[in-house]
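In the two complexes below, subunit A is the common chain; its partner is subunit B in one and subunit C in the other.
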Partner chain A sequence: MTATAIEHGPEHGHAADDHHHAGDSGLATYLENTRRNRLGMWLFFASEAFLFLALLVTRFYLWRGPHGEVVRPELDQFAGLIVTVVLLLSSYFMNRAEVSIANDKRTDFLTSLLITAFLGTAFLVGVVVWEWGMFPGIVKGHLKPTDGVFGAVVFGMTGMHALHVLSGVILILNVWWLGRKGHFSGERHWGVEACAIYWHYVDLVWIFFYPAIYLIGTTIDVPH
Partner chain B sequence: MSLFTLGIARGLLGQVLGMVIGMLLTCAVRILLGWEAWAAEPAWTVGAVCSIIGFLLGVGSLDDWLKWTKGIPTPLHHGPPVDKPAWTRYFSVDYNHKVIGVQYTVWGILLLMVGGTVAMIFRTELARSGLQFLGLDLYNSFIGMHGMIMIFAILLGVGGMANYLVPLMIGADDMAFPRLNALGFWFNVPGSILLLLSLFIGGWDAGWTAYPPLSARGPIGYQLFFLGVFAIGLSSIVGSLNLFVTLLRMRPEGMSLFRMPIFCWAVFATSLIQLTATQLIGTSFLMVSVQRALGMGFFDPRGILGEVSPMVGGGDPVLFQHLFWFYSHPAVYIFVLPGLGIVSELLPVFSRKPLFGYKWIALSSMAIAIVGFLVWGHHMFVSGYNDILRIPFMYATLLVAIPTGVKFFSWLGTIWGGKVHFDTPMLFVLGAISVFLIGGLTGPILATVPTDFPLHDSYFVVGHFHATMFGGFVFPFFAALYYWFPKVTGRMYNETLGKIHFFIMTPAFWVQTLGQMGVGVMGMRRRIADYDPTLGAGQIENWQMAVTIAGFAIAFGVMLMLWNFFQSAEVGVAAGDNPWRSRSPEWQIPSPVPEHSFPAPLHVVGEPYDYGLADAGYVTTASTGDD
Partner chain C sequence: MSEQSRTKRKSAIYREGIIVAVILAILTIVEYYAAITPPFDSFAILMILALLKGILVVNYFMHIRSIWSEDEH
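Moving on, here comes the complex of A and B:
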């Protein structure tokens, strides 16, 4: 890791006041910018929380039986459990990646990132193939988007979440690629941190979504 | 110089290309699936999504981030573009918050004129009963269009004031994230173009609230309308995020939160709503959009879940109203809080007295923002939701009167015994107070369940709403334009024309708002193109005519203001650095503000509003000395 390499790219980003520090792109400026970036990221999460809350409200508002009881559709419990475990495991490797780069362990860092991206992709495949049944040749899905509020809410919630997982995987691969080119160091790795907290956040959302979709309420059998 | 050196020209080209590519993509996918190639709704929807991306790529707002993904460094460029005339920066991506603030404001005023023109058209139609020149569908599209364009215009005006003023008021060089700031502005351009375009592919005829099931079955224009709102919503979210970080992390030494200029508190409270609640209008519109496009029946009420067959229906249009109003009620506080902040900001300057109850004003803004999250159900008293919900929503709504009252008493306390100067900005501030009082006093009538029943969906609501919007946004916004015009341009506007504008617009607006309330009480429904001429003992046509004439008078006043600004920017007398003898940091530096606003970091040494007190300084910088 050379000194010039760490001046580059995302690690130099968001430098709002760099003209006051012309010639002094020192660690102090970097740390202040990182504090700003971190606050911005958490505000972004606060904003996104309202999107996911709206979807949760929709689920509990619409999935009601004839007597107002909370209901849920019959879904593939095995697939749901597996993708949840896969996603939670991926968070462990994301954390491992962040800790590794903070300690300048580059090989561990890159390997952990790749494992995270792989597990994230596995989650996506699980949702798209098993739960959605996008490829009826492999697995026949349980619901179609047009199947009343069950279809609408299952596809709405998993779809919005899958979009976030997909963007997270792309972000991880981008960070991995930049990491291979030597863009991060133990001192300067805001890009990795941003990617990591985003990934944990997407995981956290699933921890609320999984029980809401798969576990809470009595099942109403959906005819195939 | 070719036209395409202007970012906006490249952006518009990108938008057209994006639209075409999106449509072709849709056709290609449909052919692959073995369906008929052309279907208007999916083609326009995908085309519109691609057109927003196309615009942003074309204008160059994403360039730096795309380079970051490749690890290429992009140092911020300061100052006007090197190989082009300086004025071109206003038409291209520029990271200076002062340029972005002007871009927001100008685009906002343009939309204000479009929205006003639409209003003048259907107001002319309403001057007499019967249908003269507007068809029913077009009338419906126009009233919705007037509403939504004005909301866009107001959000842009708020963004303009916040972006230009907040960094200057806290002595920061710029916003915390200049690139995000530019992106926040440029989202608005393709968004408003999509909104206007929707009128040409069928419009959308259920009013700006777009309630399903009407919006789920209406013309294709709805999809463009939803995406336009989505783009503006993204702008709101990234803009407020940026303002939060700027306010929390970039204040100078000594400027505690309770020593910020009071406008910053208003922006802080507004950002709290914009950051969070905006997601809800996006989600609710997205749900209608996918219900139309993919048949996902969130709001499709046919069938009861689990009773006939679980595969059919179970959706509920009332859910849409809950999600929609969770944003759209707090949204009115997004519109008025900055305006009320302007009132509090300007009153001490023109009264030469300290602001009465600074902390109370600051906290009342926060209180309005927080209580604002709990009152959405007062729009739904007659929606058929659970009766019991009406009561908490009624009380929560009435609670808003308390922090709003705090503001009124503080304003009175500030003027009381002051040495009041009646310059144009001050006149508009006083006009704002008078108009907002009308809006405020008619609020509890609509917030109380029994009095809301007969008035719901009548023109009384329209009158009340316009009074809050003019009092809370339009009058303070105009005050702000007159007040900071010398700071932005370095020249003074024409005071006589400004006063004429005020004395035309204020009485005209009183006539308009009271007239609207009057015809509402007579039985005029909102969103209906025609009315019974025998209403109000046969007097309703005269009232309608008065409202229409008042509307045209307001439009004339606005044109007068714009002409004044255009003229004065060229030939106005030099205003000097601080024509209003303000203590605020932005007036302690030259007009127009130089590229790097402050030559040295600010030091805060006193309270912001100690007007009339000897030796009471607020800010100092090393090079400009004591204020």
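Moving on, here comes the complex of A and C:
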């Protein structure tokens, strides 16, 4: 079975019925391909980890006080905590979506996906409005990208992460759209699983970025 | 597998997701208060808390074990 067939053929719930006579051998091939896809996905995560680790190392290398102590700029702690909780909650709903399709509960699956996309968007809005201060009429941000190493690192880390959140939201809406049209089933839902583990990976990155940006180190005033 | 045990297994999987989400939320709040309460605001304590959260996500939400398992799909 080709990769195209996996994406467009058997994952479609109705197509799975049509191919019923292909029987166990078709499913076995699908499972074997899914195992390979999974490994590929994890290798992709490993390559992405280098990028995010580089940003984390940059933060701890550059954010140092006059005596070499770890410091951090003054940021909105409440906004940081809220966006973190929102992202963790979105991971729960993504997991629920995956479990639901595995149990053939399509309505639950579609609803959970929409909630995840909504929470992901809320996270983005939180970062863009509160932390970046892109709409000074609503909230004035604490830092600008031009505020030395502090501005550069905060915008570099949150920007790279926000880009991944945005692509995750687009992916979730794509899976939702396909799910609405009857794609995926309890037996064949690699597309959903891939989207889910990508979303959890984005959450995983934030789990380390949140303390690095908001919590670790002594607060210092950044000259503007 | 009987219908009854299948239903029980489904409920257990849903419950597992809720339990993990609650633990993650608790660890996040602990992390926040540790950061504003010396001497718990150390790099090591905050990174250990982040690591615990990371392990939960990788293990329960990302199903890392499924890379080498035969039956999950």
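The rule we apply is simple: the second predicted complex is superposed on the first by the 198 of 224 C-alpha atoms of A that agree within 3 Å, B and C clash if a C-alpha of one lies under 4 Å from a C-alpha of the other, contacts with A are read in each partner's own complex, and residues count from 1 in each chain.
Here, a contact is a pair of C-beta atoms (placed from the backbone, for glycine too) under 8 Å apart; a residue touches a chain by one contact, two chains touch by 3 or more.
Everything numeric here is computed off the predicted structure, so don't read it as measured data.
Asker: State whether A:178 touches subunit B only (first), subunit C only (second), both chains, or neither.
Answerer: first
Asker: Per the contact definition in the header, classify A:28: touching subunit B only (first), subunit C only (second), both, or neither.
Answerer: neither
Asker: Is A:163 in contact with subunit B, with subunit C, with both, or with neither (first, second, both, neither)?
Answerer: A:163 contacts neither subunit B nor subunit C.
Asker: In the superposed arrangement, does subunit B or subunit C reach more residues of subunit A?
Answerer: Comparing touch counts on subunit A for subunit B and subunit C gives B.
Asker: So, A:39: does it touch subunit B (first), subunit C (second), both, or neither?
Answerer: Touch status of A:39: both partners.
Asker: Which partner does A:145 reach: the first (subunit B), the second (subunit C), both, or neither?
Answerer: first
Asker: Report for A:134: first if it touches subunit B alone, second if subunit C alone, otherwise both or neither.
Answerer: It touches nothing on subunit B or subunit C.
Asker: Would you check which partner chain A:71 touches, where first means subunit B only, second means subunit C only, and both and neither mean what they say?
Answerer: first
Asker: Based on the superposed arrangement, let me know which partner A:125 touches: subunit B (first), subunit C (second), both, or neither?
Answerer: A:125: touches no partner chain.
Asker: In the superposed arrangement, what residues of subunit A touch both subunit B and subunit C?
Answerer: Shared contact residues on subunit A (touching subunit B in one complex, subunit C in the other): 35, 39.
Asker: Considering only the defined contacts, which subunit A positions touch subunit C in the complex?
Answerer: 30-31, 34-35, 38-39, 42, 70, 77, 81, 84-85, 88-89, 91-92, 94-96, 99, 102-103, 187-190, 193, 196-197, 200-201, 203-204, 207-208, 210-211, 214-217
Asker: Enumerate the contact residues on subunit A facing subunit B in the complex.
Answerer: 7-10, 12-20, 32, 35-36, 39-40, 43-44, 46-51, 54-55, 57-58, 61-66, 71, 73, 145-153, 155-156, 174, 178, 181, 183, 220-223
Asker: Under the definition above, what is the set of subunit B residues touching subunit A in their complex?
Answerer: Against subunit A, the touching part of subunit B is residues 64, 67-76, 78, 172-180, 237, 241-242, 244-245, 248-250, 275-280, 282-284, 287, 290-291, 294-298, 300, 303-307, 309-316, 319, 322-323, 326, 596.
Asker: If we count contacts the way the header does, which residues on subunit C are in touch with subunit A in the complex?
Answerer: Those in contact with subunit A are residues 10, 13-14, 17-18, 20-21, 24-25, 28, 31-32, 34-35, 41, 43, 46-47, 49-50, 53-54, 57-58, 60-64, 66-67, 70, 73.
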